[in-house]
Structure formats: structure tokens, C-alpha cells
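Chain naming follows the written order as A, B, C and D, and within any one chain the residues start at number 1.
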Amino acid sequence: MNKTASNQGDKNYIEFEEKVRYSETDQMGIAHNKNYFEWFEIARTEYCHRKNIPYKSIEEQGYYLVVVEAFCKYKKPLRYDENFLIRVFLKKITPKKVVFTYELFTKDKKKLVASGHTVHIVTNARAKVCALPPDIVSKIKS
Amino acid sequence: MNKTASNQGDKNYIEFEEKVRYSETDQMGIAHNKNYFEWFEIARTEYCHRKNIPYKSIEEQGYYLVVVEAFCKYKKPLRYDENFLIRVFLKKITPKKVVFTYELFTKDKKKLVASGHTVHIVTNARAKVCALPPDIVSKIKS
Amino acid sequence: MNKTASNQGDKNYIEFEEKVRYSETDQMGIAHNKNYFEWFEIARTEYCHRKNIPYKSIEEQGYYLVVVEAFCKYKKPLRYDENFLIRVFLKKITPKKVVFTYELFTKDKKKLVASGHTVHIVTNARAKVCALPPDIVSKIKS
Amino acid sequence: MNKTASNQGDKNYIEFEEKVRYSETDQMGIAHNKNYFEWFEIARTEYCHRKNIPYKSIEEQGYYLVVVEAFCKYKKPLRYDENFLIRVFLKKITPKKVVFTYELFTKDKKKLVASGHTVHIVTNARAKVCALPPDIVSKIKS
């Protein structure tokens, strides 16, 4: 992999492949900018699965990771039916705040397609800010 | 309006204008087929508003109109930034089932763009089939 | 598999797994009805791949399979992070018209989640109706 | 309006109302984070309309404003059927780069719901970086 592309020393990352859906393209013929935030989200879901703490189970326990900030830098367009690689890093976690960063690459991992981050606060089902219990925190950062 | 386009004798309809968003186009340069079902939905929302029984308030009272069938026939493509007319008809309502039909026209009402229908059953918050109370039914069909 | 669920004798089908994205849910807590049409579309894409005639290459040759009709019957809700099976059948193909049908099942294939169809006409890049060349037709129905 | 909410001195802004669609909610019961980027986009479309240089006509002349960066800070959730106000500011424009900033408010303008920005570069139809002609630039910043 291009070293300049990923300068995140963090080992807390996982990666997987995705493919651009037809409905994700727009009339420019490329994937629309909003879809990257959907891909960031499936990356978080996948991250939690690999750490054996499915996000679904976090919500079932009454905790929500609400997005309070989202950012994406688009480097290269993605096209219909194109396979690409998503890499998601756990950048920071405290009981009340979680930060993930993301990198998308061409399938051969040679070119950075996009990068970004999302910041999450923790709330309960009534949308009140609260703290994740220690066991969830330690699983996520395991 | 072209009479052959709307052969629904039903007076229970309302109409309003919408516009195609950029993100609703795909690489064919036209509005993607899935968006019509989103437009059908905002038409139902608008219908209930005009009948003074906002769908939001129906859910707040514990009733859900779950989609069990959806159909759309696409006649003419819609393009980015194009204004069009949505007409929604209440086709049938019983305490346990509601059917809406829809017609989309070009802004000048001269050409039928698409038509379709959705069938809904009534459930409670635990997804059990139930019946709408008489006052909600009579408001919807007023 | 439940035999009553799939009474399509047709051998021309392929199947694969998908998973419900968080963004595909709505406030009812289930996958929104419009997403099924997106899943039908990725099923067509996958179908063409397995027949060695990627839909992308069909468009590159100047042919478009425009959706003129779409239908879905929803039997059981799908929830966030739920894996499900998509089965897509080539129901009919002529040089000017293609019909696909679809069945979605729970992961264990025991329950039918939804079924539907899409009808497509063939156009060129200028949106004029035209005919698919024989080699594309025969590959799709191979 | 809360002064601290909008500290952008720039007069180059326009504002209009939008409403949350049912399909834009997720299982948290609030508008999903990706939709804000769709709303930012309809705000740019509206901005260009008010300046008598519809974005559609910019593309027809062969220029594309490609998103290279997008950011959103989410302050308060938006719910189904909620009306809100979008304000869009032209923050910077050169022939090769355009920056818009956005603020979303509750309908009464009293509370800031979200804010963000998008950065755009100018390309031609073959995705090559190019420069907007002076008349388009001056219309946009008029």
C-alpha cells in the first residue's frame, strides 16, 4: 500500500471490500457524495462485529452512538460496479465519545479514493447523554 | 389535463408539486426508479395533512400504516431540477387496510410521468395487526 | 426451503446474501420499502455478472435496460444488520424487453420476506427504444 | 435569530424551508446523518436558481462542480415531518474552486440544528480540472 495514503499508525483498524451500487451513482456518472457516509456507517457496523460487540447489541442494551460530526475528503471518483476497499480505524474512545476515521482505496489498494471521520456521542434511548459501560468500551477497543 | 391519463373518478385526491433532487438522478441521467416510492410516501404524508390527521399523529396514537405492496409504472423519465406534479388518491380504506394510488405528471399536467399504488395494513407498535379507530378512518376519508 | 414460497420452475436464477444497512431502516425500526428496489437492482447486476455479461458492459456497448415497471410484495420486515437471501430469476427476455422476478428470504431460507418483479425496455444512449444484439440476449439467458 | 448561531457576515446567502421525509429517518427515530448532505445539495441548487444561473445550465455548458470535501456538525436531531430552515452562503468563489457553507435551523429560527460546508472544484465533462468562464463566476457571486 502507498504509505503516504495511510499515515495512521493505529493498529485498531479492520478492512473489507464493498461495491458501488447503480442507485449510488448520479448523473455525473460517479458515486454521489452522500453515499460515502453510508459506507462509513457500514464500516463502523463491521468494525463492531469483528470486535464481537455488534452495534445492534449496543443499542439493545440502551446505548446509541449518535453522529455529531461527519467529514469526508474525496480524492478520486468511484464508478458503478467498482469494487473498493474500506478501512476503518478506532481513533478515540471514552465512555462518552467515540471517533472513527476511514480510508477508502481502489481495490488494488494503490490509490486513496477518500478519507474522513465521524464523531459520536453516547446517549440513552431518551436521547440523553450518558456513558458506555466499561465492558462495551473495552470490547470496542480490544 | 389529458383525460386518458387520469381515469380515477375518485374525488378523494390532493395534488402538489415536487422537484427532482440531484442526488435522485443516476448515471442514466434520470431520476432513479426507487425515488418514486419515496415520492409516493411524501404524497401520503401530504394527503393526511390536508385531511387534518397528520400521519405523525397516527403513529403517536400507536398505529402504523405498514406498506405490504408497492407498484409503479414508469412512463416518462424525470430529470434533475424538473418540477412535476404528484396526485394522490385514497382508493380504499377499512380499519385494517388502506390503499393509495398515485399519478405523477409533468408540471403543465399534460403528460403522465408515472402511476402506481401502495397497499398498507394497520399494526400497533409491536407490529401486531390491529384496527384503526373510527375517528382516524373518518378523518382520512373525509 | 418452503416450496410454496418459490413456485417459479425457472432454472435461470442466481442467489446471494445481503445485509440490511443502518441507513436503510426508518423510524418503524425496519428496512424502508424503497430499499427493496435497490436490492432488486443489485440482484440484476449480480445476475449479469454470473452470466459473464456485466450490466456495465451492456451500457458501454450503448444499451440501457430502463425500468418501466416495478412491483414488490412485503411479507415480513427486515431489521438492521439482518442477513437475508436474494434470489433473482430471468423471467422473460426478448431483444426489446426483459423481465426479472425476485424473492427475498430469511438467511435460513425458511421464510419468504418479499417478492417482486421489474420490467425493462431496451433503449440507446439517446433514450430511443432499440433492440439488444443477439449475443447479449443469448449471454443473459445462458 | 440567535446571533451566535450565525456569525457569518457574508451577505451572499439565501434561505428556504424544507421538511423531513419519512424515508429520511432511521431506527433512532431521527433524520439520518447522510441526508444533511442531500439537503446541502438542494440548497446549492436553490442558491444558483436565485442567482439566475441554474446549476443545470452550468452543467449544460460543460462545467461540473465536483464535491471534494464535505463536512457537517449535527447539533440537534430533526424528526419526521419537521419543517426546518436551510441557509446557504457562498463563502468563496474562484474560477477553479467554490466553497459553500450551510446552516440549518428550527423553523422558528431560534435553534441551530446543524452547520457545515462543501468544497467544489470545477471540471469539464471528461473530469479534467478546468476554469469556470467569468460570466458564470460573476452570476454566482452577484
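As a convention for this text, contacts are C-beta pairs under 8 Å (C-beta built on N, C-alpha and C of every residue); 3 or more make two chains touch, one makes a residue touch a chain.
Being a predicted model, the structure only gives us computed values, none of them experimental.
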Inset, instruction - Give me the rotation angle that lays the C-alpha atoms of chain A onto its copy chain D, rounded to the nearest 5 degrees. - result: 180
Legend entry - Longest centre-to-centre distance from chain C, chain (CA-based): D
Inset, instruction - For chain A and chain D, let me know how many angstrom lie between their CA-based centres, rounded off. - result: 24
Legend entry - Separation of chain A from chain C, taking each centre as the mean of its C-alpha atoms, in whole Å: 28
Inset, instruction - Could you put a whole-Å number on the gap between the CA centroids of chain C and chain D? - result: 34
Inset, instruction - At least two other chains touched by the same residue of chain B: list those residues. - result: 22-23, 27-28, 34, 38, 41, 80
Inset, instruction - Please name which positions on chain B make contact with chain D in the complex. - result: 21-23, 38, 41-42, 45, 54-56, 80-81
Inset, instruction - Give every residue of chain D touching chain A within the complex, in rising order. - result: 27-28, 33-35, 37-38, 41, 59, 64, 66-75, 77, 118, 127
Inset, instruction - Over in the complex, which chain B residues touch chain A? Could you list them? - result: 22-23, 25-30, 32, 34, 80
